[in-house]
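Encoded as structure tokens, here's the structure I'll be asking about.
As written, the chains take the letters A, B, C and D, and residue 1 is the first residue of each chain.
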Amino acid sequence: MVVRVGILGASGYTGGELVRILSGHPQAEVTLVTSQRFAGQALSEIYPQLQGVAGPDGTPLTCRKLNASEAAEMCDVAFCALPHVTSMGVVPEMIEAGVKVVDLSADFRLNNAETYAEWYGTEHTAPELLHEAAYGLPELNREALKKARLVANPGCYPTSILLGLAPMLKEGVVDLEALVSDSKSGASGAGRAPSQATLYCEVAEGFKSYKTIGHRHTPEIEQEIGRLVGQDDVKVRFTPHLIPQSRGILSTLYVRTGEDGRDAKQWRQVYEAFYADKPFVRVLPEGRLPATNHVRGSNFCDVAITHDPRTGWFVVLSAIDNVMKGASGQAVQNMNLMLGMEEGLALGAFPLFP
Amino acid sequence: MVVRVGILGASGYTGGELVRILSGHPQAEVTLVTSQRFAGQALSEIYPQLQGVAGPDGTPLTCRKLNASEAAEMCDVAFCALPHVTSMGVVPEMIEAGVKVVDLSADFRLNNAETYAEWYGTEHTAPELLHEAAYGLPELNREALKKARLVANPGCYPTSILLGLAPMLKEGVVDLEALVSDSKSGASGAGRAPSQATLYCEVAEGFKSYKTIGHRHTPEIEQEIGRLVGQDDVKVRFTPHLIPQSRGILSTLYVRTGEDGRDAKQWRQVYEAFYADKPFVRVLPEGRLPATNHVRGSNFCDVAITHDPRTGWFVVLSAIDNVMKGASGQAVQNMNLMLGMEEGLALGAFPLFP
Amino acid sequence: MVVRVGILGASGYTGGELVRILSGHPQAEVTLVTSQRFAGQALSEIYPQLQGVAGPDGTPLTCRKLNASEAAEMCDVAFCALPHVTSMGVVPEMIEAGVKVVDLSADFRLNNAETYAEWYGTEHTAPELLHEAAYGLPELNREALKKARLVANPGCYPTSILLGLAPMLKEGVVDLEALVSDSKSGASGAGRAPSQATLYCEVAEGFKSYKTIGHRHTPEIEQEIGRLVGQDDVKVRFTPHLIPQSRGILSTLYVRTGEDGRDAKQWRQVYEAFYADKPFVRVLPEGRLPATNHVRGSNFCDVAITHDPRTGWFVVLSAIDNVMKGASGQAVQNMNLMLGMEEGLALGAFPLFP
Amino acid sequence: MVVRVGILGASGYTGGELVRILSGHPQAEVTLVTSQRFAGQALSEIYPQLQGVAGPDGTPLTCRKLNASEAAEMCDVAFCALPHVTSMGVVPEMIEAGVKVVDLSADFRLNNAETYAEWYGTEHTAPELLHEAAYGLPELNREALKKARLVANPGCYPTSILLGLAPMLKEGVVDLEALVSDSKSGASGAGRAPSQATLYCEVAEGFKSYKTIGHRHTPEIEQEIGRLVGQDDVKVRFTPHLIPQSRGILSTLYVRTGEDGRDAKQWRQVYEAFYADKPFVRVLPEGRLPATNHVRGSNFCDVAITHDPRTGWFVVLSAIDNVMKGASGQAVQNMNLMLGMEEGLALGAFPLFP
């Protein structure tokens, strides 16, 4: 069986990455790529690194304008890599036409239409799908994903934070008031649209925080933490930063566990058990710390647990490649699950280092 | 008056930076540079960028082996840029010989010889100077520095953290148990000695934490915070990270202020008043956040205060150039004060951007 | 005497750099900065690193819209950092109003209006000034600059190439047909306007040539080489490349000298003599090669001469900081000369390394 | 059939890359990795990115000391990633024991033992193998490789230069006296051994040439150009540079073709024909230029042909990933050919961008 795959909004970094991953997928083939801006152009004109990528008939893949009914005919499953707000205008038609969808935008991540409106400044136009959409973090939600028609692919920051915290949160001992997530991302997270802030000369040698207060990944993080601890109305401190590099997120997670007496070693065992059957999370042995260049180009999430007995803080570190496990890699992992394929198909590559 | 300056241990990044700064100092002249490893070589062979830097007689500066009595004859003031432990073997002789010393190592930063022994794994050999040494953070300790014979130049991380927190700490409302300093530094902080960990290929695209637990700047931070709040035995969570860039430190400081009701705007006023007569701290206006490339090559520390009303956390951000305000720039600022010169001499340059 | 300086088009990298340099100039003060796009905004909003830079009355410098007659009243000398074509619309008025001008655009570099039209695709609107304008390479044209009302500040690539070749060209032995200039520049040369090609993610890890054939600096290089060898119609192979870094140009210059028998050592002596009284060119000793990070932030041009006896090629290497000696630093050097000041005022800083 | 593979000298960048590539090879499995320095350590301690890579029995791969007879028992084919000189001490034993060898060092690239002695400063200790060794550039030498017991994997610079020039050289019209190769490489080419010159702070923002005259890849380039044009004693100007990035080589090749009248378009057709059945060379269409980040992590070599009619120069641009097509990727390609497998096995991944 070879599944026909569409990529809607193929001109961004996540779109290019999807094509790269799927070019090595044994049971999927890209039959449609769309881009409003580059319609009519070969994909290799937008992405020179993809020179030679061919469509199903062996000719170069060429971008088309998005037409939902046409798309529905041309593919069995679609990755929607469109901007938020745009995405919720397209996804319902695709679903209705019987196409399974992995949506990489933020549009279907929040269960609550009011929360969406509050953080995105616009009413949700497909609220009925908010409840149906499965949250696409396979390590926490695998069974639901196998049955989903629509997967909301998680944000890159939430992925790093949730995978770093899930085993501890599940144990119910985390002091949520004290919880701090200090997260750092490479510039690819800002996308490929030209802007002064992401020019080479502005980013190089220029570490900083941005949107220190009120980043839109906050409600997503809070919703999923709430689900893990079985509690509504969780509020979390989350601070994003920009690293002068292209790929990679590292989250430094500050955790207090109250009266719970377990030390780092014991927690490491909890993590190892929790992730035993999840091949993309690597719980690092004692003495090893994650680094973004040790996961680059791969679908791995590396996690380390450290403890500072002088102050009582746990510091959990979690690293992913934001374009892979934080976006396109995870999206393919979700597709694999949705379609009943082996979860890790096309995602087995070890990181590119250096 | 032109003061004769010696630089002991000139072959590291801080030594090279001292020469650069002092080449523009109107009242000081470098008369001695020492390096065990490069004795006999012109400074421009070690530091090609310094091609053309001349000593007092107009000939190129050449490295000599360190000889304390000779050094005492050749200079009025010395910057000691030697490694810790080595430094405390040299400084007492210099002081005794009447040379004023700014020590850039960690050897005279801690007041307590036992704390030193605990964190540095060796007994302090000049404990009598620990009490005499003035802690060289001019914004907090200017008067003591004017009278000092020996200045302990602060660590780069402590400088960024203390300048970011001082006005809040002074007000006595900071919850020290909740205090978290998540700090990030460029690779120059690791020095110029060859090591695999600081190779270009290991650092590029490779954000990570290191020494997550137990970094040696911790007791220095705790001691100075203790002094600001008038309390012994302060313990603070401090997490260092390595940024893929050469220069710059950004500290993200998480602060809770308990019952104190002031918001970010009110605190900004407190900071502005506190730093009104300290020209090297720039309290940023609302809406602006510091970035390491906005202070690079300068002696500035940029500080911003933000507040997250949803969780109650303050997030204070503080950026410095670790080689300048975090080391050599601050050292020259200290020298200026010790010698009764204008505090900002040779330090007025605006940052190099991009 | 303090000269009043205007910066027209202050919002680009060269404009910001001019403000930085002039903030340390003892005989000049910036009284006017213009920007169409940012009129009304404080300069520190455009350039956060310049927070604290003050105008003549001590208040922050604020951008104004360009008004030539107003500008003529507010300054004695103006740096025109506007885009080409725009510049030639403004400069004549300024000159006429008695303001001396250093123009950083390409508009007054070529003597020949037809050549201008051919390479820039538009007629020159002030051809009468083309002959008057002095070509602003002080090392080759110092006397003319002292008398100039209008200086055409050289392109960054031509500066690196001409300083690398001038002593050899002057000797009349260079085989111009064989001459190749393979030049590499950091991304700041592309300016601060948002574009996909200069995004961090596109530039990092991405060395390439661009405009391999037909870069607009070609006729400028040819004109000035022609002047040095006393020959019209010189044609030269010049290939620009983009380096993944912010600042710096390195030109690798391939030269054949026909029957001339001098070796690298002899040529080094020729270079040393030629540049003996030009403080910003550092002819490197045998065994040392220039690097862009050894001139960064400075006005130096480092030059090395090497010879390959096996093939007969000379390889001359020349490095500058494109924003300094390649643009704003050289512009201030030209201003100093025009106004009868010491050539190196405000330009004495050694490079920032690392 | 699954072939057992040994990697001798696995602790460098090329060794780590071989493990990465082979982890995705359907017909090969790594059974042995050796490292003198790290014997006894798990590979993931040396290369954290390889956490989880398992050997044939499913346990983590662990480094052993090199023992040739043991090695010969444990593998059918060996990649020798040892330093030159060391390599020629090991390879003969392996060959004798019936192990096929791809040698990544320089030891078997030159046919002539005297040339080796001249450039490497030591006598060759296995001169009898110099003639037997097949030069491992499959695009030029595929048939010989299929029959080889010993393959000399080409140098990274020669690979980029030869693939860029081969079709032109084959036509016999290139003026070899005028030929210039200006080549630029990322820092991974310098290896993983600690050295001051390759520290992050020394490389960043620091483009430069090194070994401008006399780089050891010169005789290899000359030998293979000589073979292509059927001429002995070819001498070529080759200038290496260091780019501030980890991976990638771009060679800018200056070519004169004398009386030959073909233009860029016609040459492009020649190149396309020449490389029609060589899947790893991508001849770029008109208007497109290669960039190192468009081949990163892949085995592709991208080539563009441009022509400057004003001066008569052709400028051919050739980009590879030096760790892949310039070393480990090409080595696996050679292994595939030696063992009668499909040439591109495990090498099909498209570049990682950004």
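The rule we apply is simple: a residue touches a chain if its C-beta (ideal position, glycine included) is under 8 Å from a C-beta of that chain, and two chains touch if they have at least 3 such contacts.
Just so you know, these numbers come straight off a predicted model, no measurement behind them.
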item: Option reproducing the contacts of A-D, where over half of them reappear, out of C-D, A-C or B-C; value: B-C
item: A-B or B-D, whichever has more C-beta pairs in contact; value: A-B
item: Intercentroid distance (Cα basis), chain B paired with chain A, Å; value: 39
item: Inter-centroid spacing, chain D versus chain B (mean Cα positions, whole Å); value: 45
item: Chain D, residues touching no fewer than two other chains; value: 13, 188, 201-202, 204-205, 244-247, 291, 293-294, 296, 354
item: Category of the chain touch graph - line, ring, star, complete, other; value: complete
item: Residue numbers on chain B that touch chain A, as the complex places them; value: 177-178, 180, 182, 184, 186, 201-202, 204-210, 212-214, 235-237, 239, 241, 243-248, 250, 252, 254, 289-294, 296, 306-308, 310-311, 313, 315, 317, 319, 354
item: Residues of chain D defined as touching chain B within the complex; value: 13, 187-188, 192-196, 198-205, 244-246
item: Touching residues on chain C, where the partner in the complex is chain B; value: 13, 16, 19-20, 23-24, 47-53, 188, 246-247, 282, 284, 288, 291, 293-298, 300, 302, 348-354
